[in-house]
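Look at the two complexes coming up: chain A is in both, with chain B in one and chain C in the other.
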Partner chain A sequence: MIVVLSAGALATVQDLGRSGSLNLGVGWSGAMDPLALAAGNILLRNEENAAAIEIPVFPFRVRFARSTVFAVTGADCAPRLDDVPVLPWWAQRAEAGQVLSLSVPKTATWQASRAYLCVAGGIEVPLVLGSRSTQLRGAFGGHEGRPLQDGDTVPIADPGRRPRSSFGLVPPGLVLACEADGLAAVRVLPAAEYECFTPASHDALWSTPWKITPQSNRYGYRLAGDELKPVRPLELRSHGIVPGVIQVPHGGQPIIQMRDAQPSGGYPKIGTVIEADLWRLGQAPIGSSIRFVQCSWDQALDARAETRRWLKNARRLVELHCSQGGGGDD
Partner chain B sequence: MIAQQPRISLLGTTALLFEAPGETTLETQRRVWALAERVTRLPDVQEAVPGMNNLMIAFAEPPRALEAMERRLVELWTAVEPLPSEGRCLDLPVVYGGEGGPHLADVVAHTGMSVDDIVAIHSAPVYTVYALGSHPGYCYLGGMDLRIATPRRKVPVLKIPRGAVSIGGDQTGVSASDGPSGWNTIGSTQVVFFDVARTPPALLAPGDRVRFTVERVVR
Partner chain C sequence: MTDAFDHVDQLCAWLADTDISLLELTSPTRTMRLLNDGSRVAVETIDGTEGAHQPALLVRALAPGIFLQQHPLRDRAIAAIGDDIAADASLGLLQIGPLLLPVSAPLTGTVTNVLARHGTVVGYGTPLFELQPLGDEGEA
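Presenting the complex of A and B:
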């Protein structure tokens, strides 16, 4: 069990998301950085989809009620166990009563904004419609359907396989970096209404920076930049949308749909951030600027295969390490 | 101009959007339901989600040969028989106006009609649930009388309560949980549309029909 001492704000229990209920109006939710969540679980020999705590606001502090192997992935939040610094992206044992503190992410190492506290066994909250992710709009799933609060106690499932400690992974922010003109970049496939926008809008989309405004959260990122204009006003029928869709409301400033987005909408869509780059977007800090890079279907699938390979390789390294009896006392 | 051919576009590598040609009709929607049922059985498909005369198809695994999938969809669209829309019919008692209907006056201002006329026109039809979307349990309804169509609000309201009955453009619907909305709220109902403890959790399904009954009009 974990006792939340300082919850920050909007920390939620997430897994890789809730598919199969879009037909009920229930969006996917899930980790904003699915790669960090899956990698944290791999480090701890959990299922990739085990639930963890997503932390977007710091400081964040928890106490482990019993001895637990854990890993903090995602942003480098200078984790400390009691007062001893520990490494991010590292499987580590905490003894009963020890306190883990996470502070504001360092950006000198790699730029990221969300941390994932993963524990051996995974966070044990009930499966709701097939997932442990928090559905904030519907107020179900996760921990009582809401963000964590100070004083909450969060149960941990028994680890099925013996976790090991004292080893880590190189974060994908270092090895899978994607940049354009020195800014974090995400790859985009044009969407249905792309051709309905002016040539100047196309230029702006692909060649100017887009600032992530403070009105950005798990529902969507509101961007600030050049105005994107359709050639003529567009009225669309409501249709399904997914995380990554870049909508352009009447004001001309785009909104990227994120994990808690509505599963349907009606604003014109100029493009969609490819699945392989959603984790980068999920980590892009408020106030930072990003660039959009156009890609082809084949390039998008290759990028998807690259992230899969990275995860597969991580699992191979962890299993190799464990089979050699490496690591800590477990 | 209304397209004569279905239109297929990408939503990244996550999904495809299939848009049926022509004006929005119940007949087309019944074919969309049939296509959804058929497409869900394809191996590459994770889930198929009807919208208003369109279908989003989320991939379990995005296919390398995209054109083959697109051709398959068009073939299926041509072949499918419309599903029936004779679901059950549910009455939803509504209190129009007052605290629960803060934008009824805006609909009056836009349409130039009286409160009584608007209430009579809104509560007259039997609406068909075309699709669920937006948020858990929310229904897209077809069949609103265009005389009470009112544009979405310029500035969305940050929190519309559960049960809010509203008009947005030529559509009407009921919020299933508290949340932001750009639609005009004209009344409220106490009906619970979504409860995760129920099986199924959503009160209504595509093909079901609803009728708004006048519980009270607050002037």
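Presenting the complex of A and C:
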């Protein structure tokens, strides 16, 4: 069990998401950086989809009620266990009563904004429509369908396999880097209404920076940059949309749908950020600028395969290390 | 493993029958000199707390990998020369693909030298750190 001492704001229980319910009007939810969550679960020998706590606002503090092996992945928020520094992306044992403190992420080597507190066994909340993710709009899933509050007690599932501690993973963001002109970049497939925009809008989309405005959250990112204009006014009926879709409302400033996006919308879509790069957006801090890089369907599938290869290889090496009796305690 | 310090009498007897004039026994916490002047063997013990005489301990790579002095997300070394490190705490890291393993201090001590360069490939047994044991605390 974890006792939340300082919840920050909008910290939520998330797994890899609630797929297959868009037809019911229920969006994906799930970790904004699914790669960090999956890596944390690999470190702790959890199943890939085990739930963790996503932390977007700091400081954040919890107390472990029992001896627990944990890992903090995602943004490096200088974790401390009581007063002792703990490495990021590192399996570490906390004894009963110890307090974990996370502070505002350092962005010196990797610009990232969300941390994941993963625990051996995973966060134990009921499955709703097949997922433990918090559905904020519907107020269900996760911990009572809401962000964590000070004083909450969050149960941890019994880890089936014995977790190991005292080893880590290299953050995949450093290896799978994607940049354009020194800015973090995400790959984009042109979407259904791409051809309805002016050539100048196409140029702006692919070759100018887009700033992530403060009106950005788990629902969507509102971007600021050159105005994107359709050749002639477009009116569409509402239709199904998924996270990653880049909509252009009348003001010409794009909105990227994120994990908590509603499953339908009516704005024209100029592009879609590929699934393999959604974690990059999930970590992009508010106020930072990103670039869009055009890619093909095949490149999008290759990017997804590359991510899966990284995870598979990490899983293999962690299991090999643990089966050799490596790792610290027990 | 048999500790040579438990068999000093036997070693002295053997030494007396040889031409060897000095046998020095060293452990992380103490040093013993057996001096053979041809007629008798004298035993001289150097206490581990006498730092000046105490040999530094080499911390070696326990696996082949890429030696990292700092975490990939950090710009500061985990342990630099002059730092006091507690037993079992990390001095550095070994990277094997995406895996990071700790290079741990076998006992409490002061880092006196870093023997491998950050980012270089090291083999099994490559010396990575020189650690000057901090006598009493190391055994505590």
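Quick note on the criterion: the second predicted complex is superposed on the first by the 330 of 330 C-alpha atoms of A that agree within 3 Å, B and C clash if a C-alpha of one lies under 4 Å from a C-alpha of the other, contacts with A are read in each partner's own complex, and residues count from 1 in each chain.
Keep in mind that, in the parts below, a contact is a pair of C-beta atoms (placed from the backbone, for glycine too) under 8 Å apart; a residue touches a chain by one contact, two chains touch by 3 or more.
Since the model is a prediction, treat every value here as computed from it, not as a measurement.
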Applying the document's definition of touch, where does A:Gly20 land relative to chain B and chain C: first, second, both, or neither?
first
Could you look at A:His321 and tell me whether it touches chain B, chain C, both or neither (first, second, both, neither)?
second
Return first, second, both or neither, reflecting whether A:Leu174 touches chain B, chain C, both chains, or no partner chain.
second
Partner chain(s) touched by A:Gly40 [first = chain B, second = chain C, both, neither]:
neither
Can A:Gly74 be said to touch chain B (first), chain C (second), both, or neither?
neither
Between chain B and chain C, more residues of chain A are touched by B
Chain C-contacting residues of chain A that also contact chain B
none
Touching chain C in the complex, chain A uses residues 76, 87-90, 106, 108-110, 166-172, 174-175, 310, 313-314, 317-318, 321, 326
Chain A contact footprint on chain C (complex, rising order):
71-75, 90, 93, 95-102, 104
With touch defined as at the start, can you tell me which chain A residues reach chain B in the complex?
19-20, 22-27, 128-129, 135, 137-140, 188-192, 235, 237-245, 262-264, 269, 272-276, 297-298, 300-301, 304
For chain B, which residues are in contact with chain A within the complex?
7, 9-15, 17, 19, 24, 46-47, 49-56, 58, 62, 64, 66, 131-138, 140, 169, 171, 176-177, 179, 194, 196, 200-202
